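Common to both upcoming complexes is subunit A, partnered first by subunit B, then by subunit C.
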Partner chain A sequence: MRKRLLFFILLGWVLLIVGDRVDELRVYQGAQISMYAIALSSIVLLTGYSGQVSLGNGAMMAVGGYAAALTLNNLQTPIWFAFLMSILASAIFGALLGASAARLSGPYLAGTTLALAVGLPALANQFGFLGGEQGILFDVGFPPERFGEEFSQYKWFFWIATFIALISLFITSNILHSRFGRTWRAIRGNSLAAELAGVHSARMKVLAFTISSAIAGLAGAVLAMTISLVSPGAYTLSLSFALVTGAVLAGISSLPGVMLGAVILVAIPEFADVVAHRLGDSEKVITHLPGLIVSVLLILSVIFTPNGPGENLRKHRKKKSAH
Partner chain B sequence: MQKVIETVLIGLSTGSIYALMSLAIVLVWRSTRVVNFAQAGQAMLSTYIGYEIATRSEVFWLGLVFAIAAGALIGAGVDYFFMRVLFKHATTGPAAVVAPVIATLGLLGLIRSAVGLIWGGDLRSIPAPVSRDGYTIGDTTLPFSPLNTLIIVSVCLVLIAISILFTRTNLGLALRASAYAPEIAQLAGIKTAQTRTIGWAIAGGVGGIAGMLITSYNFLSPNSLDLLLVFGFIAAVIGGLESMVGSVVGALILGVGLTFILNYVGTSLTFISGFLVLIVVLLVKPEGILGSRKGRRA
Partner chain C sequence: MIGKNRRKRTWFAAAVLAAGSLVATSLPAHAETGVSASEIKLGITLPLTGAASPGYNKVGDAMNAYFKYVNDNGGVYGRKITLIQKNDEYSPTLAVAKTNELILKDKVFALVGSLGTANHKAVAKSVGLQRRGIPDLFINTGFSGFADKKVYGTTFPLFPSYYMEAKIMAEFIKDNYAGKTLGLVYQNDDFGSDAVKGFAQAGLKFDVTIPYTSGTQSASTAQTWVSQLAAGKAQVVVMFGVTSATGPLLAVAAAAKYAPQWILGSVGGDATTLRALGVPAAVLTGAQGASFLPSPGDTSDEYVKLFQEVNAKYNNNVAFDNNVLVGMNTAMLTVQALRAAGQNLTRRGLIRAIQSKGSKFASAGLAPLNWSSSSQVGYNGYWFGQYDSAGNMKPLSGGVVVYTTDNAKGAVVKSNYKRPAMPAKGLPNNS
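Presenting the complex of A and B:
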């Protein structure tokens, strides 16, 4: 635990230095990476540990984003309180949904959350106070003056996002290494055996779903911060797809892997842009190429390294040492 | 009173399209134990193929035939080149349970973006084979049109064909046997892997019909069938996810129910109501109205 804390502090310090040395665009992408890392950790906890598939983490992010924006705009609260509200709102929402769906086996939860992901952005259009298609503004304000004139808005985003990501990943990693993490793995491995050992498997699954939703909601608020806006267009089905892809790519049950997954998710649109320019810049290609790359990566990784690249490396090493 | 009858009729027409989608989901679920989320994508791709044929030849029916054939081919292809490989590889570790579901999701994403790359995101429409204007009785025009009649009739024909296939033919017996007890079916000499691929092909063809029919009164775009998938899934859950009859009944109930809400409450609540129905069914009667009790809860 103390080692882990030390590691996170060290990581934060390194990121702080790196953030000072690179240009604006990279700093902004750094904020996005932190956001994805939070979001992916919610999937690692849910799918990798408790063995439930949710296709609706994008929708949970939307809940968090809207909660944060509504709190900030209507109550004029400090920023940290808005982020806190995003966690709270999505946790409550997750608990309600989880109590009904998470008790059920795989396909039911997957289908229910998919329905949510398809429907929730559309719902936002139908209620006036959610701002319709345009969404609502979410402005965390300028960086404090004591950081000096040079301190840019993007760097401020990066600092907030990374700070939140470090804290959230630290807490998540502690949860995963605690009794709860072990219990979830036991349920995933063999729920009957786990129940015989005295685990209340349904309750633990709902708990996993609730915590996962809370983390996703926080990620949603961070996403809203980086684009200064909460709108249905930011939390599409494609976002949920991308999250699942990032988690599978990095190894669905590996928390350190989320950083790799997050980097890949930010790199894909960049890469797709380059390719699209080569192919002659048509609008079709620019809109749909990132999705194509994401899906191809997802399919390839789920077929060939369903448990993440780490597993294949381990197998390889075992083979070598056997010789 | 007249409005009630109209609502029921329109609801049956909508519900019968849901029935096709939920039937496709149930067919695959029974044989493979996977809810195939790519079904929406497969149906959408077949509909685009049907759309190309229908607009070029200006014959809707030719487009429909091609959409069915394309759907069947795509379905069989997905099982043969994709699910078989997947089941060979992803057998151990934390991802074994979730891999098939995630894979169908990846496939849905792949088809969506591939279609987007080829056809772009614009809305397209297929000219309906019969009039979309409502029947007129005396001075009043009903919202129920010849197109609705056509949809109900053709869905009935498809359902009859499928029930004959499943109850009266050797192939149907093989399909049922390998869904019910794959190992025993194999011992009895049924090639279960091939049978499963045929099941996927039938589901794909049925999905193609659903896509063409819904596009005859709605627009077609890379994600236009997402809602159909969701409602098809809800209908399948109402029916118990296991029973083909249940899925059809569930779809008709859902279609009529949602049309009542649409006509009497307003559009804004249709999706929420569908979602609530799903949650309530999962809470109150998770085995579905016609499903068996075992294997539902985790």
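Presenting the complex of A and C:
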């Protein structure tokens, strides 16, 4: 654990230095990578460890985002409290959902969470206090003056997002290396055998759902911060699919892989932009190409490397070292 | 020997000085983002696809057409204008993402004509337009809050605010429809709420009030609006929503044979778009509306005539409506602002130029422009008219009468404003 802590401190220090050296676009993308890394870690915990397939992570993120914004706007609290509330609200929501979905598995659970991803963000349109399609502002404020005039808003987002991501990943890593992580893996491997060994499978699944939702909610609040508002348009179905794709590509049970997955998700629109430009800047191509790339990557990955290329590489390396 | 060395040193120093001077003179005095010796890059976010796109998706192309016309005639002090359009689908989330792309990736000099109140509030905050000194010109929204210089110091609204529009509309209704049962349908966000405050300030009360959430507008929602309006026996109905909400409302009402006197807010009152959304010409005929520009069908107006010619040559001769007119008018103002900022173009210089000279810019607007060092307000007035069977808004009896007001408690007054003549061939030559 001490080694892990040192690693995260060192990583934070390196990111801080890198953030100071690159241009504003990369800094902003750095904040997005941090947000995706948190979101992907929630899928790794839920799907990679406890074996529950969820397509509704975007909805969990929406719960966190709205909770943070409502807290900040209505209670005028410090930022950290808003982020804390995003964790709490989405954890409660996840616990309720997990309890009701505990009897479901495989495609049935995926279907239920998919419906949630479609329906939940759209609920904002039904309640005035959620701001409808236009959403509500989530303003974390300007960076402190002591950082100087040159310290941009993007860098402020990057610092907050990276700080939150490092803490979140450190805690998640510890959870996955604890007895909870081992129990979830046992359930994922063979639920019946785990129960025979004394594991309360349903309870552990609900716990995984709760923690995963809490992490996703936190990612939702970070996403809201980077765009300064929450609205249904931020938590679309395509976000949920993109997250699943990112997690699969990174290796569904690999926590370090979430960094790679997050980088891929940020790189896809860049790549799509280049391709769209070559194809003549058609508006239809620009609008739909990123979604198409995500879908194709997901399909290819599931066909050729069901657990993701990251997972295959890891197994390949293990085999090699065994020889 | 000593003399030789000294001479060598002198030559060396002179050479360095000469080379330094050469480099200094060949470099621009200040390399401003988005400005080169041959190009000025501008950016806009607007809904090119999605529910709110009908009509608004024409604004960017119209601006581009006018810029091409200016570019073909020498550009702005020799620099060609490039306008980069990004599709935000009328979603604040996408508007922020696309504006970030414009600023960080495309490195535009300024934003021009971006559309949507909620979108722009999120953009201004998230991107930090004021803090970073990024000019945000002639935004396509009338939310009165954007005139707050302390919060939106680099943002220049063009439209009269919705608050002003409501105040002026309230006086119009009091003068023409006293004693009638009044209905109001409005978008329940900053856009519609701004209008509601304006009506309240003017002391106008509605008998039936229907707020709707942006994004929920459809034929089925319009059905419930019409039911409520009909049940409340509203004789005069004010619609303060986007075109994609106005369209279904009018179409459904016509099908239900409910025919109050419609008064359409300027945002949702574009006739061409409404007809494209399925509103029968007969329904629109007789509806009343407000505008600060001449009617797009009024070819006797020199600006409209020129813009129609530009539209024919540079914009595939698309249907010339209010959106095209707004786009070209915005582009013409932009060119004047860029010229007023001088040859050594900087962001700060552009903002100062609008503040000091903006109120004198030539434009198609029939109401005065009010930009100054203490005001961020663009136009501040409206005239009322009635749609004819061709979809053109014609002034009511007595010709075009413009009324102006302010964003506070000021009265609504008849304007004596005389619009500046259009520059020769519609090509600004100001400095």
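Observations on the structure shown:
Here is the rule we use: the second predicted complex is superposed on the first by the 308 of 323 C-alpha atoms of A that agree within 3 Å, B and C clash if a C-alpha of one lies under 4 Å from a C-alpha of the other, contacts with A are read in each partner's own complex, and residues count from 1 in each chain.
Simple rule for what comes next: a contact is a pair of C-beta atoms (placed from the backbone, for glycine too) under 8 Å apart; a residue touches a chain by one contact, two chains touch by 3 or more.
Quick caveat: nothing in here was measured; it's all calculated off a predicted structure.
In the three-chain model built by superposing on subunit A, subunit B and subunit C fit together without any clash. After superposing the two complexes on chain A, the angle subtended at the C-alpha centre of subunit A by the centres of subunit B and subunit C comes to 80 degrees, rounded to the nearest 10.
When the two structures are aligned on the shared chain, A:Gln153 is found in touch with subunit C, with no touch to subunit B. Judged by the touch definition given at the top, the superposed model places A:Glu133 against subunit C, while subunit B stays out of reach.
By the touch criterion defined above, A:Thr287 lies against subunit B and subunit C together after alignment on the C-alpha atoms of chain A. After overlaying the two complexes on the shared chain, residue contacts for A:Gly58 are found with neither subunit B nor subunit C. In the superposition on chain A, A:Glu24 makes contact with subunit C only, not with subunit B. Touch criterion met: A:Ser231 reaches subunit C, while subunit B stays clear of it. Counting residues of subunit A touched by each partner, subunit B versus subunit C, the larger count belongs to B. Of the two partner chains placed by superposition, only subunit C is touched by A:Phe142; subunit B is not.
Of the two partner chains placed around the shared chain by superposition, subunit B is the only one that A:Phe304 touches, whereas subunit C remains out of contact. Taken over all C-alpha pairs, subunit B and subunit C come no nearer than 7 Å in the superposed arrangement. The contact surfaces that subunit B and subunit C form on subunit A in the two complexes overlap at residues 126, 283-284, 287. Within the complex, the subunit A residues that touch subunit B are 47-49, 51, 53, 55, 97, 100-101, 103-108, 110-112, 114-116, 118-119, 122-123, 126, 185, 188, 191, 201-202, 205, 237-238, 241, 244-245, 248, 252-253, 283-285, 287-292, 294-296, 298-299, 302-304, 306-308, 311. Those residues of subunit A lying in contact with subunit C across their complex are 23-25, 28, 125-126, 128, 131-135, 137, 139, 142, 152-154, 226-229, 231-234, 283-284, 286-287. The touching residues of subunit B, when paired with subunit A in their complex, are 29, 34-35, 37, 82, 85-86, 89-90, 92-99, 101-103, 105-110, 112-114, 116-117, 120-121, 222-223, 226-227, 229-230, 233-234, 237, 241, 268, 271-272, 274-275, 278-279, 282-283, 286, 295-298.
On the side of subunit C, the complex with subunit A involves touching residues 48-49, 87, 89-94, 96-97, 100, 104-105, 117-119, 121-122, 125-128, 131-132, 188-190, 211, 213-216.
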